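One structure coming up, written as structure tokens, with questions to follow.
Chain IDs A, B and C follow the sequence of writing; residue 1 opens each chain.
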Amino acid sequence: MKSHRKELWFETTTRRAYQNITGEVERELAASGIREGLCLVNAMHITASVYINDDEQGLLRDYDDWLERLAPHAPTSAYRHNQTGEDNGDAHLKRQVMGREVVVAVTAGALDLGPWEQIFYGEFDGKRRKRVLVKIIGE
Amino acid sequence: MKSHRKELWFETTTRRAYQNITGEVERELAASGIREGLCLVNAMHITASVYINDDEQGLLRDYDDWLERLAPHAPTSAYRHNQTGEDNGDAHLKRQVMGREVVVAVTAGALDLGPWEQIFYGEFDGKRRKRVLVKIIGE
Amino acid sequence: MKSHRKELWFETTTRRAYQNITGEVERELAASGIREGLCLVNAMHITASVYINDDEQGLLRDYDDWLERLAPHAPTSAYRHNQTGEDNGDAHLKRQVMGREVVVAVTAGALDLGPWEQIFYGEFDGKRRKRVLVKIIGE
């Protein structure tokens, strides 16, 4: 069994952002030399997500509006977590809706994705350096 | 390490549907000959889910009502995504709540599921042919 | 390829509870002797979650309030599932928001977690004995 590990770093210019990282993950798969296996991609921070969906600008704005309705950023006093001095209580909730991680099949040396599947980094408390882990195992 | 890959195809008769696919996944595990490992089951389309929960008709209707409250189908004009000519903006949101994939342990040649765990295909934009990927790795 | 399997048992004293199980999972990884691979941790029951987020008491109460708003326990008659004699319809919905499972990379014999990542058991229908599965594969 082979394994490959890589941290991807991001620093978004906005508090919330949705960034297509499929190309970066494909590069790591190529570097790994793995042909058959599983590829885990997970946020290493607890106010961010890795998820798979469509790379369509309207949809990304729909997600953002919807997450703000489900878990609004303001008033920040609505979250007990923010009594610790943080203002990111909402981000911990938004991340649970979108998920921490994806596991993608590796087949014949490629990410085994459906026609519209794209891997996204979802940031809900950005403007600072944060990491995503790519871990691939297989042969 | 062995690996096994299979696409399962579905075409639901309704826009939204919840279909128990545990038997199909078990068949693929048997075909794989794998005794110990991990089994990934994921929707290959971005308006559908694979999730694990109870096969109880009342619950399936509760899920459907709840997802409609969280992300209503109509008015379709409420979603920017639908300005692309689609009417499935809601389906991309519903799928995030229910998830893209499950990873199930394989132990002694069987899916290592709890007593009530059943694997479901959740369709949120159906009436056309769509796929689920089963990928099993192990020994 | 090596594999390791362990069931962790829980019985919470309250209907809903959020319990940090990172230490238990680390113990299983040590017992496995696996240095590189993937670690699956999943609820074996369909009214509970395994998720990763912060171990901060305010946040845990924020999660609990938020899940009650998204899927209230009462009135129990609001869920068709409860016509089966259950009163846990809400718990099946809450669990979908928080997720069934996490997959954690194993690197150099340790759980490859970010600085604040902690593995939690989320119970939404407690006060009885329930299980979490830890399955680790690798070398």
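We adopt the following convention: a residue touches a chain if its C-beta (ideal position, glycine included) is under 8 Å from a C-beta of that chain, and two chains touch if they have at least 3 such contacts.
From a predicted model like this one, the values you see are computed outputs, not experimental measurements.
Enquirer: Could you work out the angle of the rotation that brings the CA atoms of chain B onto the matching CA atoms of chain C, rounded to the nearest 5 degrees?
Expert: 120
Enquirer: Shared interface numbers for chain A and chain C above half of all numbers used, same, or below, different?
Expert: Counting shared over all numbers used gives less than one half: different.
Enquirer: When the centre of a chain is set as the mean of its C-alpha atoms, what distance in Å lies between chain A and chain C?
Expert: Those two chain centres are 20 Å apart.
Enquirer: Do you know which chain B residues sit against two or more other chains?
Expert: 1, 38, 70, 97, 99, 103, 137
Enquirer: List the residues on chain C that touch chain A in their complex, please.
Expert: On the chain C side, the touching residues are 1, 36-38, 51-54, 56-59, 61-63, 66, 70, 97-99, 102-105, 107, 112-117, 137-139.
Enquirer: Within the complex, which stretch of chain C touches chain B?
Expert: 1, 3, 5, 38, 40, 42-46, 70-71, 79-84, 89, 92-93, 95-97, 99-101, 103, 131, 133, 135, 137
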